[in-house]
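This is the structure I have questions about; it appears just below.
Read from first to last, the chains carry the letters A, B, C, D and E; within each, the first residue is number 1.
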């Protein structure tokens, strides 16, 4: 084992799996600047929330989903005052890079005919945030009932992305950040923010945290240095740096 | 004393066997499927009869009524199974010494390994043994467990004559020196006669007859079961002297003298000698210049009338009774009648080691 | 004609056996572990020798040099394995008819099932059979495969005498009626003598001697291997007449006549009669008034000098040679010398079914 | 969830589980036999490939399936172009995923039983004129039955619980590919008591199915038991 | 991912896999023996409970573990209050999760081998004075070795691939609970070629580990083979 990993972490972050790449980059920057050690446990927001509920040693919860953050808030498992909505993402319609499809997002959107025999790849709209946003957007354009039977409901947004990347699905709905990172897909269209609830990534320090570095880390996530990284990965930064207490 | 009284059903087969034996060696004899193995299994405790009682020298192994059933491992029994049943994962040495009652470097163990010819096989796995080798290891394993009762289920079936003789000799020694009682199954009446004193004759799961081997063999009603050609009589005799030059022993009994190939027994020692009817001829006059050494004078007692070529005739020689087997042709030719004075001719060479037992 | 010439190594054991036999029944004889089963395995094709050749009536089963090795299933061999090896998942009937060569309702099959006493067991699983029952099913299974060569590896080891006799009779019938050649392993020289014509004597994986059974048994150098007490001679005789009243048969051979218990053979038929040395006594004068029926005049040829009580003596009776066994004591008493005229006394009752074969 | 939906899920799960067992059984038997009986160069590697579905996270297997059996995958495109067969997003795909996930379990169980067979019994069958194929069918298979039953039970049970590979390969389409484990998973992903109760309820259904499968297997192995 | 991190993940996975096998082996042997040898009322239910980890989606098992062995769970709080032991979110918890997931595989394999043992061999041992315990240790266990080895290999392999229960129960904390399958999963959650290459690379490591385990098991079973 390397010395670095053997040393106990100063901050343990529980973060949604879809944040992996960008958060890793931010963490590296934070570690460089503050010479403290941060470890991140990536998993589904739901699992992480349940773990925090059951005594997980998390200092910071960084969710892709408001609902699970609300759940923890209601159980007083996070320090409400530290909760911030850090990032915003965009919902896009994607197709394989070589696809010739062109679609305009407009009322009475006809995705059904664009799909042909294929399916629309989307994260499970019953539970996964990206799916829920997608369902809201399609409903907004009266397209939901036409495609409801033609969905490829993936376990998460990455799986939906992969379905499109592999050409299994001619179209998919994912976050812009995902679409940017995957060279085998191209963005066909973006869903205007009005069509769905705000896609925000909330973060907070947990009530159980005893780490003195937790709050500084949370604050670092909204520093300009961090913001540069977030932007590079396609996020939009929402919050201004919180003032130290 | 071994007391067995058990009842058990196995499918269509009903075992209901009761016998008591105080003999050093008891033979279970009967046709294939008559229940011999089932009885040994019950005695060893590897199967549990539905009802009954088994006790050895007063120690109760099983008493279903009292709900007593000793575990096989505390019954202290050496059992040579019909199928060998070696431990396939252990080599021969580990099989032999599984019971841990004797260690590999006791003289006793070394002698037995030598006797069974297992010295070169000790590191072999059972799957690499021949049929006879397997059987010998099974015998060795049971004997090395230093049992207080030995159960042998056809242990000699696939041994060659020489090895069989050696093992039989060893079993006799165990019987005589160590005094371990033995219950054995054998299909060879020769083996039974040679070794056993007591015989339990089984038929279809029931005891058809039980008693001294000689008695049972002399009973003509059991002939179909025991094999007719083995009819004979046993004489109790005393060692008179040895003729070292000719390697013969002279025996005396109240009907006369018997010359037999030399046996190891000091003068005065009592022996049981089995004279098979088929080895005894009759003459009306004492023959001369004949190689037959034993010519016994006696009285013809009874002629057992039968159909076929062969007739068994009983005589009294002194106080002893012996049987002679002749053709019906000779019977007529010599005009043999009960009460007649006759000479019984017994070849010394026909009385081999197999026919002599220590009383 | 069966030709076997194989070499194989198994750990420390080296098999190197060559023999040719045209006999109807060939016996492999030898001590435990000498390689008998290994040879049968090679003939059946269940093991493949490292080098050598096996052929039956010109059909090559194996020729390692030519890279020929017939599959066991096309060799058309019935093999009764030493361990039975029944199919544990099939009931007795399915075991018996596994080969599908004969169906359950042929008279042949019914007769065999009857003979082997398996009628009541047909629906049983092998695990519910006794030792002897297992062996009988194994015999039945091989016989019902209608083989053109039968291999028997101690098939009678755990059968009672009566069943053994019945099975032996059946095997003799197969030999005589169907003409299936048989190679058998047996540790009982009685069985070998009764059944086999040709004998292959094995020692440590090598053929120590091979040839006609009688020849081999008469060779004194092989006595330790064949068992001394079985020494004897075989006489070729012709059925002269039957005495129905006394149930005996009169045989004629060029040294005289022999009375034996009745056999089923018409006058003129040639028989082979085995006279065991231990059943033959000698006299210098022709005894009278004696129950012994066969008194043959002959010339003493040779006295095989040995230590111990017993001496074997060979005589010429006509053109035939017979052996007599007497004590050294009698030898001295009668002052027997080669060239002397003697009478050989042979009890008729000692010539039982086991001693008579059809030539 | 209403009764119809539940029935549909259970029916689909049973169909997928049965078909996955039937699908994998023949190949598993062959491979188990080969692994039990033959030595060949690269056997360990071959064995490792058989174990792959166990060793890799199910999601990876799902991806691999997608890459090979998907419409653009090398095998998937062949199937589609030549036979018009599409398995992605179909219950057949779920059965394939389950079959693959249960495959190593099946192979190992059968292999264990084949290795326990006394080869001399097979030799006996050969001398009785049985061809190698007949020996396989009439002797080896029946004697390996305990392993075949155990392997089938394991594969069936695995199928009832298979989640990662299935959802990745054929997605989670109610009525088509939403098997019991997918439904259970979906229920666990929603906060709140109601969803939790539903998850527990569905789990009990899965347990009931497995009890039925186990009872059937016990009955079978008792019926064809060869070892007292 | 650098070499140190990889080594750490591999080391942790091996530790977890080994410990999970060791952890489950004794109990699996006892349960396999009981299931192979005894009949009792409720046996099928008991058997079903043993199969539970196979039948339910791994996430459900992980969730159940979290609820019972977590710090607030009935057993977890006992462990913590009485012995100061915490397994949730520790590598020990990962080992427990793996052990439970591999448990039915282990039990079934051992049970299969125990059922193949000729009971008369045990009887022979009893007549030679061996107590039931000695028979178990000196006869049954060695003769069940093929099943024990197979069961251990399956459990080990399952541990190398276990994802759902582990990530749910102990989360995915690098250096503490991030085993190989979790690392592979994490890599698959990142789009793009680089991450995909990393996922494949990690998968190959898992395969290499399983090849090593299989080679070891083959060697073991060859060494102690009782059936020619």
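One rule holds in what follows: contacts are C-beta pairs under 8 Å (C-beta built on N, C-alpha and C of every residue); 3 or more make two chains touch, one makes a residue touch a chain.
Note that the structure is predicted; figures quoted are calculated from it, not measured.
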Chain of greatest Cα-centre distance to chain C: A
Separation of chain A from chain D, taking each centre as the mean of its C-alpha atoms, in whole Å: 35
Chain A-chain B separation of Cα centroids, rounded to whole Å: 91
Euclidean distance of C-alpha centroids - chain B vs chain C, Å: 25
Distance from chain D to chain B - Cα centre to Cα centre, in angstrom: 61
Chain C residues counted as touching two or more neighbouring chains: 83, 128
Multi-chain contact sites of chain E, meaning residues that touch two or more partners: 59, 63, 118, 188, 227-228
Residues of chain A whose C-beta touches two or more other chains: 162
Touching pairs among all chains present in the structure: A-D, A-E, B-C, B-E, C-D, D-E
Chain E partner contacts - residues on chain D that touch it in the complex: 43-45, 47-48, 51-60, 63, 104-105, 108-109, 111-113, 115-119, 146-147, 150, 153-154, 157-158, 160-164, 181-182, 184-185, 188, 199, 203, 206-207, 209-211, 214-215, 218, 227-228
In the complex, chain E residues that touch chain A: 4-5, 7-8, 11, 59, 63, 66-67, 70-73, 88-89, 167-168, 171-178, 186, 188-193, 195
Of all residues in chain B, those that touch chain E in their complex: 44-46, 71-79, 81, 83, 85-90, 98-101, 125, 127-128, 141-142, 145
Residue ranges of chain D touching chain C (in the complex, touch as defined): 118, 120-121, 123-132, 138-139, 142-143, 145, 224, 226-228
Residues of chain B that touch chain C when the two form their complex: 10-12, 30-33, 37, 82-83, 117, 120, 124, 128, 130-133, 135-136, 153-154, 157-164, 187-189, 224, 227, 229, 243, 246-248, 259, 261-262, 278-279, 281-285, 287-293, 307-310, 324-332, 334, 345, 347-350, 352
